[in-house]
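Every chain is named by a letter (A, B, C and D) in the order it is written, and numbering of its residues begins at 1.
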Amino acid sequence: MTLLELAGVTAYYGPVQVLHGVGLSVPEGGSVGILGANGAGKTTTLRAISGTVRTGGRISFDGHDVRGLRPDQVAVRGVAHVPEGRGTLGQLSVRENLLVGAYLRKDRAAISGDIDYCLDLFPQLQDRIGSRAASLSGGEQQMLAVARAFMAKPKLLLLDEASLGLAPSTSKAVYEAIRRLRVESGIAMVVVEQNANLAFSLVDSATVLETGRNVLTGSAAELKGMDEIRRAYLGG
Amino acid sequence: MGTFIQLVVDGLATGSIYAALALAIVLVNQATGLINFAQGGMAVLSAYIAYAFTRLGLPLILAILIAVVVSFLIGAVIERFLIRRFEGGDPDTAVVVTIGLLALVTGICAVRWGYNNLAFPSLFPLTSVEILGAVVSVRSLATTVTIVAIMVALQVLFLRTKLGLALRAVADNPSSAALSGLPVGRLLMVGWGFAASLGAIAGVLVAPQLTLTPGMLDTALVYALAAVILGGLSSPIGCVVAASAIGVLENLAAVYVPLVGHDLKIAVPFVLIFVILVIRPQGLFGRKVVVRV
Amino acid sequence: MKIRNKPGGVLGIVAAASIVALSLSGCVRDGAGQGGGGSSTSPGITDTSITLGVTTPLSGPTAGPGTCTVAGLAAYFGAVNAAGGVQFGDGKKRTVDVKSYDDAYDPQKSLSNFQQMVADNVFAVTSGLGTPTNRAFRDAAISQEVPQVLVMTGDPLFSDREESPWQLGFVPIYQNEGAAFGKLLAESGAQHKVAILSQNDDYGKGYVSGFKEAIGGAANVSVVGELTYEATDTSVDAQLTQLAASGADVFFNAMSITPLVISSLQKAQQIGWKPSWFLPSNTSSPTAILQPGGATAYPGIYSVSFSKAPQSPAFAKDADVVKFLADLKQYGNYPDMPAFPHCMWSYMVGATLEEAFKKMTEPNRDSFMTALRDIKGLQAPLMLEGTAVDTTTDGQPAVSSVLVQKYDGRGYTTAEKFG
Amino acid sequence: MRTISAVLANRSVRASLIAVVAIALIVAPLILPAFTNQTLVRIGVYAVAILGLNIVMGYTGQVNLGQIFFVGLGAYVAAYGVNHDWNILLVFVAACVIPGIVGLFVALAAARLGGLAIAMVTIALPIVGVPLAKRLDEFTGGSQGTSARFTDAPDWSGLYNDQWQFYIVLLVTAAAFLLARNLVRGRYGRSFGVVRENEAVAASMGISPYRTKVLAFTVASIFGGASGFLYLAAVQYTSPETLSFGHSISLVAAMVIGGAGSITGALIGGAYYVFVPQLTNAIDPNLTAISQGAILLAVLFLLPQGLVSLPRVIRRLARRRTAPSTPSGKPPQNSPVHHPTTEAAVREGLETQRGKIDHED
């Protein structure tokens, strides 16, 4: 059963068109990667899904047309977006960030349990639970961003460049935790990642964008085997 | 000694006027990240609305309650149809918009009610009591108590409620807050509405003493801004403490520091701000903030 | 905000040039608008009408008294025009138009307004409130020979004929008011300790210097405390606390801000200080100030005045007052009971101008100034018995005589001696 | 529209256009009515003050609510010099340098602070300046102010006073605008921009944010002083009211309305500052507060980037009307203009992420 389906999606920044008909399909519980060079439209595709950019085409989620909805309305339907640059709420404490993540939830009792789960997933946050998010290191902020998205208990997680600006060991740890999250929660994911090695550790299939169009789509295994992918994204 | 204590008490009473307005500024800043120069003007408009209802024969307390509710709506409408356009844009432009709003609101009050000083009835009697040899009017005392109560309520709102958390999240980063499903637009409207209601309370508290004129809170606004900066933009307690400190210290400096005198006492809060900010950039009680102004 | 895009450059210049072009209203310089004297007809006067200009604060903190300076004048001439206008000394009957301009108490704007008035062909500038705003275009008025007369400032400069040939003040210079009370106090014979609080500008300074001069030789009066406040202050509690500690039995309060006077009256009695008070003419209204301030608690409230107080029950049925309030409502667009005496003063300015118009024999500014400086013993409407307009004395404004009055719990009665 | 721009871009066309404007400015006062000249003179006065404000606020991003203090100080210094018979050049230099020095000292302390704190320090200048000017009445004439006439046209010129004043103001204003243009287009201008966008980035590029801020603030003060000199040339009188806080706020408003970060915007801002009170007086002198507020809000609502963006907005509208529709049809309808998050995201996508930087500091 398909959870998310994009077909012929276009997007604009002001008068500038950035996406020229992107398609994407994510099955329930699946994980799909978006690869591509800078400016190919990866981030914009995520924004198109979460409603933070002007779009055309068709975007359906969980059987509903979500194109044209406001970001908060998209979130209500079960999409959590970890934006590029993390989007943590700098003046709020770590715990408060997590509570904001759980804003839409009605099951109050379960929230504190999920916070504990997040702290188990990212033990570094344990000591910083009362600190302001702005005072965290880049890696900790990234962990917080992912944890906050998880707190919404979404059906779909949009993950944008979670390794950006992090030391290799840190980004590895972050992806390690996300993989565990995926296994334990079964949340579907769309992953945008410059570092294809990291991406392939997390996704079942992927699509490659160039100047706002799909140029290649396939399973992770297929793509990993292709020369041009190797050369362009896998450093080999 | 008697004079000294009296000066302190006088300063606290004056400080409570600044504090009332400062709380509304803190609220709007916490909820939207903006500094609203029109806050004083809107509070004056609210006081005029209450005044108009008392003239219709309504009991004072009822008139005030109506004014508080109407002000909430006015605040929300101003956010939705005016400020919304400038949210997330250049903060300087947004501040200038509030400056224009101040002129507009002041002008509306002047056209509707004129520039005459109108006597506004007080909720509290004009009797006085003696504390530690100092005389303090019941009105000042009650004003201070009310302001402290509001301060506590605000502190609880911000730190203990889901709504407060959501307001702060939206002020911090609206686009990111939306990704967690927060209805940003509605929350901004609520924030402005609350601040306007609070301004209404501030307005009716100080109107009996200052008498109602369109520019009633113009001077107080400067002091309130000083108190807000000094106390830390994020802290209701901080700004009330700072407002009181400003009121007391400027009195003491005027009387006991010959160089200052009553003409230059307005410099006292600014010198204070300067010294404190150099030592503690986040203000007395605030957490380190970078503001969108 | 990003405005550093290139296109600003060229188009910007075009835009700037178009501002200039906008200002080019096609008029070519004809030399008019400069100089107004001579024996011919001056700008702003025709066979059927004359135009007066007022620049005064109509917005901002001083807009309260400012709006009054227009309202009273408009009320007076509105009534006069309705009755057909003024019979001028040259035999022609003219109506009087009043044009008002808001200067928001900003000197730069009042000069701008003056220049605009010259362009708008205003015959004379009158009635405007404020020392700095009137000073800002005094030089320009002199060099362009435009009358700037009967203005609302107690600054003596405007009544000095040598320095200000085209000017004349209207209200008593502040010194006169202060001196009148000082004289009364000095003549009382009893010992007095005086505390002084004054507004930190020429208003307050004028009162204090007049008062001090008048008590200069008197051995029975000593000043035991002297403080100032700013017109923008929200509270003067600290000053009162400090002055109360001086133990003075007379409080000379040269204060022009209504709410501050009320709260001082309240505050002083709260802290148990009950001296006799002196208050200036523009902040001594029985209903607007003394009653809310609880003034009956004090042994005496003294003020000076030359005009009847419409708020006072004593004048409620006075014919002048009744007509004044009716005119104010009908022609002055001012339906409320005036809280500022400037409404009454500008009404009297109207009467004084009318007197000058009746006397001017030629339709020009020279003749007007000559006529204006030749008014003596005019009992303008609303003037108190014993005061009169007298424009013939150099160094004095149109009204220089004031009466010291004492509050009797309802209104004022003239006080012959202190106590 | 585009072809006109192309013609204007041509260097020789441009030069001749500038020559035409220059000649127009020199000839204009001779034929314009006095009141128009006087209005243009005041525009010059405030354009210079707003230009200075623009350098520190529009270009460098440091909120300054105290610019009027430097205008007032410049006017007082000029009045003092004139009344003590200083040479007029000396008066001008002093009127620029003394505010510049005061500005430098204030900036040395204030530039250590960030954001709103710096705004607060600058608010203090006019707030404290007014009572200070009253107290120092030996120099300032106290609350009665001080007159200084030095711009009456000399007899040999054969000019009216307003024409003579026009040329004085034109000279100083033109010089100020040329200086400012060179400043913001040069090395320092780039430093201003980088510091405005991100102080950390500036530091990493070897630009000291502190020194850049101090420089911008000092330059703004010097321009303020020059504007004060012009103020005295135009008004010939100054008093404590000149430097009242409200005018400082109006200057900021005029700057934003003209166009922050734009040299031309400063000129338009000056025109706005002078014209709007005249306009509102003409509408109804009793409604000036209400109409000024309404005009300000209306302008910013339509042109949030100021009047200087008007040509650009018109061009964009024209282009939108003529441009062929995009392949997928019209840009879709889910573009709630009034929707902050979307707008913010769009802005983030296209421009440097100023908002984000603020939040991460």
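For this structure, a couple of remarks:
Criterion: contacts are C-beta pairs under 8 Å (C-beta built on N, C-alpha and C of every residue); 3 or more make two chains touch, one makes a residue touch a chain.
The structure displayed is predicted, hence computed values, not measured ones.
Chains that touch both subunit B and subunit C are the following: D. The chain pair with the larger count of C-beta pairs in contact, out of A-B and C-D, is C-D. For the pair subunit A and subunit B, the distance between C-alpha centroids works out to 42 Å. Spacing of subunit C relative to subunit D, judged by their CA centroids, is 35 angstrom.
With each centre defined as the average position of its C-alpha atoms, the distance from subunit B to subunit D rounds to 30 Å.
Taking each chain's centre as the average of its CA atoms, subunit A and subunit C sit 71 Å apart. Shared interface positions of subunit B, i.e. residues touching 2 or more other chains, are given as 89-90, 92-93, 106-107, 110, 172-173, 175, 178, 184, 214, 263, 266.
Within subunit D, contacts with two or more other chains are made by residues 58, 131, 134, 260, 286, 288-289, 305, 339, 341, 345, 359, 361.
Annotation for subunit A: residues touching 2 or more other chains are 52, 70-72, 90-91, 134. Remark: subunit D residues 57-58, 63, 109, 112-117, 119-121, 123-124, 127-128, 131-132, 134-135, 245, 249, 252-253, 256-257, 260, 286-294, 296-297, 300-301, 304-305, 337-341, 343-345, 347-348, 355, 358-359, 361 touch subunit B in the complex.
Interface residues of subunit C, counted against subunit D in their complex, comprise 1-5, 7-17, 19-20, 23-25, 27-29, 33-34, 58-60, 67, 70, 100-102, 104-109, 111-113, 115-116, 118-119, 131-133, 135-136, 138-140, 143, 155, 157, 200-203, 205, 230, 333. If you check the complex, the residues on subunit D that touch subunit C are 5, 8-9, 14, 17-18, 21, 24-25, 28, 30-36, 38-40, 42-43, 58, 131, 134, 142-145, 147, 149, 152, 160-161, 193, 231, 235-242, 244, 246-247, 259-265, 267-268, 271, 274, 277-278, 280-281, 285-286, 288-289, 305-306, 308-312, 315, 351. Those residues of subunit C lying in contact with subunit B across their complex are 1, 59-61, 63-64, 66-67, 200, 227-230, 232-235, 237-239, 241-242, 245, 258-259, 262-263, 266, 270-272, 288, 292, 294, 336, 338-340. For subunit B in complex with subunit D, the touching residues are 35, 37, 82, 84-90, 92-93, 95-97, 99-108, 110-111, 172-175, 178, 184-185, 188, 214, 222, 225-226, 229, 233, 263-264, 266-267, 270, 273-274, 277-278, 281, 290-293.
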